[in-house]
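Below is one structure; the comments refer to it alone.
So that you can tell them apart, the chains are marked A, B, C and D in the order they are listed, and the count of residues begins at 1 in each.
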Amino acid sequence: MYQFLCRTDLADESHESFIKNSQSKECDGVNIEKTSNGDINISRVEVTTEQGAQNIGKPIGKYITIDINPNASDRSQNIEAVAQQLKTELRNILPNSLNAPIMVVGLGNWNITPDSLGPKVVDQVYVTRHLFKLMPNDVPDGVKSICALTPGVLGITGIETAEIVKSVVQEVKPAVVVAIDSLASRKLQRVSTTIQLSNTGINPGSGIGNNRNAVSAETLGVPVIAIGVPTVVDAATLAGDCIDMIIEKEKLEWNLDDDKRDILEQVLAPTVLGNVVVTPKEVDTMIEDLSEMIANGINYAFHEDKVFE
Amino acid sequence: MYQFLCRTDLADESHESFIKNSQSKECDGVNIEKTSNGDINISRVEVTTEQGAQNIGKPIGKYITIDINPNASDRSQNIEAVAQQLKTELRNILPNSLNAPIMVVGLGNWNITPDSLGPKVVDQVYVTRHLFKLMPNDVPDGVKSICALTPGVLGITGIETAEIVKSVVQEVKPAVVVAIDSLASRKLQRVSTTIQLSNTGINPGSGIGNNRNAVSAETLGVPVIAIGVPTVVDAATLAGDCIDMIIEKEKLEWNLDDDKRDILEQVLAPTVLGNVVVTPKEVDTMIEDLSEMIANGINYAFHEDKVFE
Amino acid sequence: MYQFLCRTDLADESHESFIKNSQSKECDGVNIEKTSNGDINISRVEVTTEQGAQNIGKPIGKYITIDINPNASDRSQNIEAVAQQLKTELRNILPNSLNAPIMVVGLGNWNITPDSLGPKVVDQVYVTRHLFKLMPNDVPDGVKSICALTPGVLGITGIETAEIVKSVVQEVKPAVVVAIDSLASRKLQRVSTTIQLSNTGINPGSGIGNNRNAVSAETLGVPVIAIGVPTVVDAATLAGDCIDMIIEKEKLEWNLDDDKRDILEQVLAPTVLGNVVVTPKEVDTMIEDLSEMIANGINYAFHEDKVFE
Amino acid sequence: MYQFLCRTDLADESHESFIKNSQSKECDGVNIEKTSNGDINISRVEVTTEQGAQNIGKPIGKYITIDINPNASDRSQNIEAVAQQLKTELRNILPNSLNAPIMVVGLGNWNITPDSLGPKVVDQVYVTRHLFKLMPNDVPDGVKSICALTPGVLGITGIETAEIVKSVVQEVKPAVVVAIDSLASRKLQRVSTTIQLSNTGINPGSGIGNNRNAVSAETLGVPVIAIGVPTVVDAATLAGDCIDMIIEKEKLEWNLDDDKRDILEQVLAPTVLGNVVVTPKEVDTMIEDLSEMIANGINYAFHEDKVFE
């Protein structure tokens, strides 16, 4: 399930736009903090008031962006460093008390490589809820109760993903849901280099109005931490960006709907429009590395440190 | 999720044993019908009374075994022939009225090839429930509402499979559940050559007592059709069979528990005992063909014939 | 190994351009024949003279394009129909006498889905050369000697593909080499809908001058039939096409090298330039179907018809 | 290509047998050294004379066995430790002067998981030979020229593996060939826990007489280092072991050929005899880890240490 990122989907980019456009130095109701750790850059945005939410067009909540160095020379070291950073950020963003199990939800389609990130993370999470039921005395000290779900996608199940997640949440009653999803990015540079965390859930589509299909605290009744990684760019987005740049550069007076669509339909085959993605050739390795980073980050964040010593 | 077939798990074999041991020609409360269609042999067993259930150790219900010719020369023709046979048998075994959606459940682990049959069937089922919701006027005539679920396995989710299925059944309220599972067979000859259907659900383990973890009408509250295919033999079973044959042949007076376990532990590494399976080398092709047979059989059985013309 | 199709890489498109530009009805030294068979359109171009070769910019030889209906309703029937058409076309294009073995070469990288077509075809070819050596009396009547090779790609082997193929050709001495390759198309519409055959080999790059890395009769010393299928579009090509269309539409006076590159570098991340491809989401299924079509077409073409009855 | 290990295929086991049977403390012409490094046990056997070769039934040469702890708690650390050990052992066993390129050959079938170790290693080897040709001035200091080949298996190519390797060796003229292969073990305990190195090549089958199909210095004309890992046990071997143990335990006087075959044919389906393997369920993860260990070991051994700093 590719969730399409609007230009404003990254809270730090939204904040940047606001500052630029308003020519002020601060944004009321929004705190931002930028830091780095070795090769990794982190931006932490917190929307604290309704005014802030209006200013940058994002609901009240926390948004963290982790930027990975795509050219890290040592692959294993890089995976470990990002996993450790994720642990820190996840622990910061989590609700304070976590008595009931944590439920990791791997969104996406395991048969389509760039959409398989969520299911691949689930495969590597250290799942323990059943051990507490089957052999409670044998669970090592410091291990927490974690369970996981890979609900599939609408095209494979015929059931809205949120319906499946909600059903199982009602049965399992987790303290928090951590949902991982592949994203379609606006920018090729973001593909596989950005991990986004938020505590506002996943709101497919515009995010406006009530969304029955969201995976969020509102629909599930428990807190939701969303982890998203851009893994593709929609081909129509890429082509559209080209057109927009030329329009801007040449100050063309186009009817955006008609003239632009005309070009897009000539470039993209009409029959496949919307089903064509732009992706690095090495997408398999990319997804493998990302899933290891995120699964380890989750394992480190929820189980106590001594489990990994 | 390998469900371990006991010797008596195939109703037609149980019936055969009963006839042989009782030296009678018939089995009270059990009807059996054998037929064939080209290369395919079909046995249909119906347990009609409690007496019959006791006689062959299987609950009241219908059991169908489809035997495939493993050496069929034309792969595509063979797949189509088995799919057509499955259509016929599924239609025979189904409840009469099917107003609400059909839910196909693909049991098993998609990361372990011989256990991935269920999920692979789900990928090829013609799923339509969402079309009835999103574009009800555009659904072609004769298409029925089908949805699907791949719940995963306990080791990956930490949640009992039956818990997940039950949650989603309560939400979706299907008319019938069709559950597909890989089986661990007693006999190597059965691997990939037998498809079993029954309307008594899937009862993991011994089937004795109340089984909260069964995928059955009792636990789900809707009829369950089970489709099972042996895809592996447990290595301990294979080794045990060797030992049994020699004991019988040589009339050895062994303490079955101790002497036999002693040999098994020497042959099988103790650390891996129970996690080692015997499987054809060509297991990938085998699963691919079986999943196409079963998915097509399901598609043919539920949607009306005109959909495929 | 994506071989990049220039605009003129399809002989029938080159011919069309020539006719259009020269405003004549015929092209000297080039014969063209268009036909169809059910859903399948076939164009057969033969360049017969040096004048013809100059006219359309393609070496003397035969070029066949098979266009597949991408929306065929019955997947199995469509695969079989294309395989039968390929048989006919392959038999037409083959050298007359075939005494020594046929060698099928699957070019491309088996780890990158859209580039794995060649290796996947090889996996399904009915290979028999070793049977003639090991059990010559048991080979069924009508079966021909076929062998196969998947040489890998330069990035994995560090050896030019043509070097590997040439070495093995010198050892095996086949009568003909049939080389299958994934192509990068100019047009999204061509992706997965066009199969191209030619008897002029595969000439990576410009095709101008002596090419030591070609897989062709010149480098291998035996006839080469090339089968190519567009499976991706290079992202830079797609973006470039957008730009060209606007330049043409708006009659912009751009410095093509600088202005265009400027836009491309903004749209495509500079670091990934050249390694980003545009592909349908369902690329796995697409490659599976294409490989079955081509492998069966090869099997039908080389072994006698009675083998498949 | 599963090479079947005879009981005496591991030189250290052969040596042990000799010592036990001869009741001497030493074996003439054979030196043995056992050591350990953390969780890893290493045995280094050197056969120095023809007498030694006769004593333990192995050609003159060096044989190293690395035993891995299958229960290592930290997967990444374990992979790194084994890779480092492999580096040390490979450097010990290599010919002294290495001027020409090193050629890594990944034997086996990439479509059959337990047989795909060799090809998977090749995918992860840091291949550089083409860089020396295409951009010799840009190759970092300390990087050596490495190339690689995955020749496939007889059933897929119809060409003896040794024929393919030999052809390419004649073209590329490497200083040494490093051949990686999956092995069929006698013992389940050895599966995935033992890596064997030798400088005597890979001799499929009995190793008796001239073997045109060996991948060895004799057939290739360059030194060959073989790296083998048991990944399966043949099902017939497992069953045969059971029978042998009972025969020994009960001192049965069986006609080994007839009585034993009789049992085997009843347990193993005759049609599949020889194509059935015993393997851990988690074979995918197992092969992934092993291939990373071996590829990294090769990378560390051939390139200079500074490349990885």
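As a convention for this text, a residue touches a chain if its C-beta (ideal position, glycine included) is under 8 Å from a C-beta of that chain, and two chains touch if they have at least 3 such contacts.
All values derive from a computational prediction rather than experimental measurement.
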item: Interface composition of copies subunit A and subunit B: same or different, split at half; value: same
item: Chain separated most widely from subunit A, comparing mean CA positions; value: D
item: Separation of mean Cα positions, subunit C and subunit A [Å, integer]; value: 39
item: Interchain centroid distance [CA atoms averaged], subunit A/subunit D, Å; value: 43
item: Inter-centroid spacing, subunit B versus subunit A (mean Cα positions, whole Å); value: 38
item: Per-residue overlap in subunit B, given as positions that touch at least 2 other chains; value: 111
item: Residues of subunit A touching subunit B in the complex; value: 101, 110-111, 122-123, 127-131, 145-150, 152, 154-160, 163-164, 166-168, 170-172
item: Parts of subunit B lying in touch with subunit C, wherever the complex brings them together; value: 74, 76, 80, 308
item: For the subunit A and subunit C complex, residues of the former touching the latter; value: 70-71, 111-113, 115, 187-189, 191, 235, 238-239, 241-243, 245-246, 249-250, 252, 263, 266-269, 271-272, 275-282, 284
